[in-house]
Amino acid sequence: MIDYQSILDEIYLEALNSSYKGEVASYIPELATIDVSNFGVYLKQLNGNSYSIGDWDKPFSIQSISKVLTLSKALQLIDCNIWDRVDVEPSGNPFNFLSLLEQENGIPRNPLINSGAIVVADILVSKLENPKEDFINYIRDLANDQTIDYNYKVAASEKEKGFKNYAIANLLKSYGNLKNPVEDVLDFYFHQCSIELNCEQITKVFYLFSNKGKCIQEIKRLTLSQVKRVNAIMLTCGFYDEAGEFAFTVGLPGKSGVGGGIVALLPNNFVIATWSPGLNEKGNSLIGMKALEQFTTKTGESIF
Amino acid sequence: MIDYQSILDEIYLEALNSSYKGEVASYIPELATIDVSNFGVYLKQLNGNSYSIGDWDKPFSIQSISKVLTLSKALQLIDCNIWDRVDVEPSGNPFNFLSLLEQENGIPRNPLINSGAIVVADILVSKLENPKEDFINYIRDLANDQTIDYNYKVAASEKEKGFKNYAIANLLKSYGNLKNPVEDVLDFYFHQCSIELNCEQITKVFYLFSNKGKCIQEIKRLTLSQVKRVNAIMLTCGFYDEAGEFAFTVGLPGKSGVGGGIVALLPNNFVIATWSPGLNEKGNSLIGMKALEQFTTKTGESIF
Amino acid sequence: MIDYQSILDEIYLEALNSSYKGEVASYIPELATIDVSNFGVYLKQLNGNSYSIGDWDKPFSIQSISKVLTLSKALQLIDCNIWDRVDVEPSGNPFNFLSLLEQENGIPRNPLINSGAIVVADILVSKLENPKEDFINYIRDLANDQTIDYNYKVAASEKEKGFKNYAIANLLKSYGNLKNPVEDVLDFYFHQCSIELNCEQITKVFYLFSNKGKCIQEIKRLTLSQVKRVNAIMLTCGFYDEAGEFAFTVGLPGKSGVGGGIVALLPNNFVIATWSPGLNEKGNSLIGMKALEQFTTKTGESIF
Amino acid sequence: MIDYQSILDEIYLEALNSSYKGEVASYIPELATIDVSNFGVYLKQLNGNSYSIGDWDKPFSIQSISKVLTLSKALQLIDCNIWDRVDVEPSGNPFNFLSLLEQENGIPRNPLINSGAIVVADILVSKLENPKEDFINYIRDLANDQTIDYNYKVAASEKEKGFKNYAIANLLKSYGNLKNPVEDVLDFYFHQCSIELNCEQITKVFYLFSNKGKCIQEIKRLTLSQVKRVNAIMLTCGFYDEAGEFAFTVGLPGKSGVGGGIVALLPNNFVIATWSPGLNEKGNSLIGMKALEQFTTKTGESIF
């Protein structure tokens, strides 16, 4: 029997003792002020057990982690029709790279880089009656938690500083791969990124990807085939140009955000979420990456 | 003695007989409806002689030809301080290429590609009291012709369809290389492109670049050194990714626009403007390029 | 209970009926003459069962599949010291792309693209006493089959036509990332690619990656950690710029070769090899990709 | 009247007093040992006058300056048939950039970057009976000086270290844009680069480009049209990714080499050669660039 709590305790201790914890994302005032010493982990197993340590109950900005959730909603709404407008190949390049988009005539490399996520946001703006309202309700339902909400101040802040995303959206528009006005799509996009969740809530929201498409309330949300697709994309594309490194050292599908969160999962087994706001030079949580590497090494649990 | 009029007549005849005249720019409704059979040439010599043929007196949208004029105005206002924000190297790439801009951290390759011209527009928006009014007056003064104006319909049309320029401006902004709001800079930029001139007016406006910095009214507008710089940039960067071809076949500094105009000049000798709205696949006037090639071949006049 | 034989039968029938079977690799005379209608599958389970159909016993050129085997040997010899000279990120680009190598200063993106495999070959040339002899013996031992050999004619043919690989090796050399002479490294490389195996032999050779590092004779060849690394790299980088697509549709770590072979595996479960020499436009076996997609769909067995 | 000698004297003094003179090319032992304080200028006017100062009579390795001379010879032999295999556009990138070559399917951007010059070398290897012998005789004839020769030690040295050029030549071969064996073409190429000339000899060799195609012995070598082409290419492509800067500050067609030489010319007027072996970060002679800038500023002589 694996003693999960002891493993989390060990990881926690080692994280506390790390002399360097990375740099907090500085481009948004709201993120820049977060204390870099925050660290939490939450593990939720499909057998009903849960383990946690540290700041697992403090909410933080999920940022790019939201891209998996919009993709999931879009799959639910229009399924395979997504793949005419976004590819599924790893980009091997930083998350805000416009060159690739130009080189490939406006078809984003995958739905987890900014350009791809903006196309997915465009799909939701087209298909949802009240996009922002409907989407936050989808997240609330997945987590079975009506308190979840956007952080409107963070969303406004990103909008004000989001020139690169405006560049991307306009470039997509120039290729005809954005159906709605740039403003509308980015308003939705900045809001999806601003959602605040704590580690426990994230494991609840991502539960369906480990549980063959059924959410924590055992309602079928995605087909098994759709879940496999999302997991495959997380594995190959979930960590910007560090996706290979993560697959290599952690061996689980997962997704990071510049708010310092990481979620990862083993199909049919568990979901785990970590939060440590200091980022490495690739934009992924430094301590979170290490924590997950230790977790899969110590437990021996990975897809490989 | 060279018989210039006979040479223009020959060029005109050959142009009339061309079976294929290129494709009119289609991305703006106002440009798309221009008759592809228009063709005019105007040659103004510094010795006072002028020669012309065809539709030399019909005004057309100067588009990118305006980039030389904003550069000229910016040099007048802040001289060398431009070159911290824009480089002077040929781009060897299409005129709306974002990749290069990203690769070079927001410093446009030269002031005659869109990104560079947008930075120059930003400089004018900062330095001119009433940017649009002051700039059109500058053009009117250069040509000594108060009838010259923007085409507001064309400007509005470009604004509506100018997603790629919005992408560029936002990318520049993300690198801190745009001081004013994107909207203000692009409003100026779309207006500068919409200016309408006929071939004769263009030769008047560009007279100073052939005449050591003195305009047609013999007022000193630029230093000799500034004029040389502008001419060097036109030669190396004036024709998108066909700059080498133009230097090679024509051998004169010049600039083209998607409205079908081309201006070229021999320092201390003459300015020549052609107009034929059909473009080749690189975005330069097909008949205009050929006409200028013939002109320098037949007259033997080039800088090389 | 899954009836594997029936599933293979169905896949076989569908493959036979495919009107278009892709294009046989034409750049080497020896490969160009292979009959495109060949098709075989071999499935070896860790529980001892095996299933097969079609041309599973005809040997073919394994080509790039050999890259996994040289990587495995190099890991055995120097373990983590490989990763200073080769990265582990997906390339998202065709298999012979030099640009990326230049952009990243001579560090190949991963060991399964040509540049990375050439660096791995360089490591083996440095570390093995008699590189070619020692390496073929390693393969023979893995398969417990002393009949396995290089096809010297294919190796000579590739050498004669391998200008792109010579370009890559020289570029690596210019960056100091090749220790041995270009000729020696490429001689080894062209031989490793020329090895001939049939589907059954491939499943034997790759058995260790499914079996926690123990080969078919239950000898420990790699640590569990090393096996996980190789599997992660196969999943993210095993199919040129179709790696995401394969992860997405098949959901297993695997590797293809231009000889038309594909091997894939489910850790702790099985190894499967297919052979159909017709390639799709990305250079992967067209029928093989489809066969594996059907296999994981019908059996429900994938890592996701 | 311009007092050319006084101007050269001033330039010489300023060069002597420069505290930083750039870095001598270090990749070849033979070049690395050259004294960085060498500096010479030679000016040859078409009216028969000559002016010189400093180390104008010390021979040095012309390196890339030879690319103009092979181009000239190739034009003489096959004229326009060159342009199917090499383009004429500025590259805007460092001189040994492979990415561009790959991006453009094996057609070098222009004949003055390494890839283009290697294609030109291939043409000469095909067309000349005894390539190396015939080519050095061509240079001797242009200069009317039978003492000119290759430096065989430098050529051998470049061959040994020329991995990047081997990479380029093999890549060209892979695209079918090299007709002769890589070894033969590079042997010729390394020899052409090793030719040693002093400043005076260079002005003699380049005399034809200023003199409408007639060499110093008034023998017609190229047509006027061919001369214009070569001059246009020198202006737009002669200084790696500093071509725009040179056109901008100097305003003359010219060519530099990593041996520290620069040649420039004003059509129908003069040829000027400078030598100072210290290079700037772009690979052009630091003091030579400055000297030519001062020369055209002080004399007011440029093509613009």
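Labels A, B, C and D are assigned to the chains in the order they are written; within every chain, residues are numbered from 1.
Quick note on the criterion: a contact is a pair of C-beta atoms (placed from the backbone, for glycine too) under 8 Å apart; a residue touches a chain by one contact, two chains touch by 3 or more.
This one's a predicted model, so the numbers in the text were calculated from it and none came from an experiment.
Student: Taking contact as defined at the start, I'd like the list of chains shared as neighbours by subunit C and subunit D.
Tutor: For subunit C paired with subunit D, there are no chains in contact with each.
Student: Using C-alpha centroids, which chain lies at the maximum separation from subunit D?
Tutor: Chain centre farthest from subunit D's centre: A.
Student: CA centre of subunit B versus CA centre of subunit C: separation in Å?
Tutor: 55
Student: Measure off the straight-line distance from the CA centroid of subunit A to the CA centroid of subunit C, and report it in whole Å.
Tutor: 32
Student: I need the residues of subunit D touching at least two other chains; which ones are they?
Tutor: none
Student: Which chains are in touch, pair by pair?
Tutor: In this structure, the chains touch in these pairs: A-B, A-C, B-D, C-D.
Student: Which positions of subunit B touch subunit A when the two form their complex?
Tutor: Listed in rising order, the residues of subunit B that touch subunit A are 97-99, 102-103, 163-164, 166-171, 173-174, 182.
Student: Going by the contact rule set out above, which residues of subunit C touch subunit A in the complex?
Tutor: Residues in contact with subunit A: 87-93, 109-110, 224-225, 227-229, 231-233, 235-237, 241-245, 247-248, 251, 253, 267, 297, 300, 302-304.
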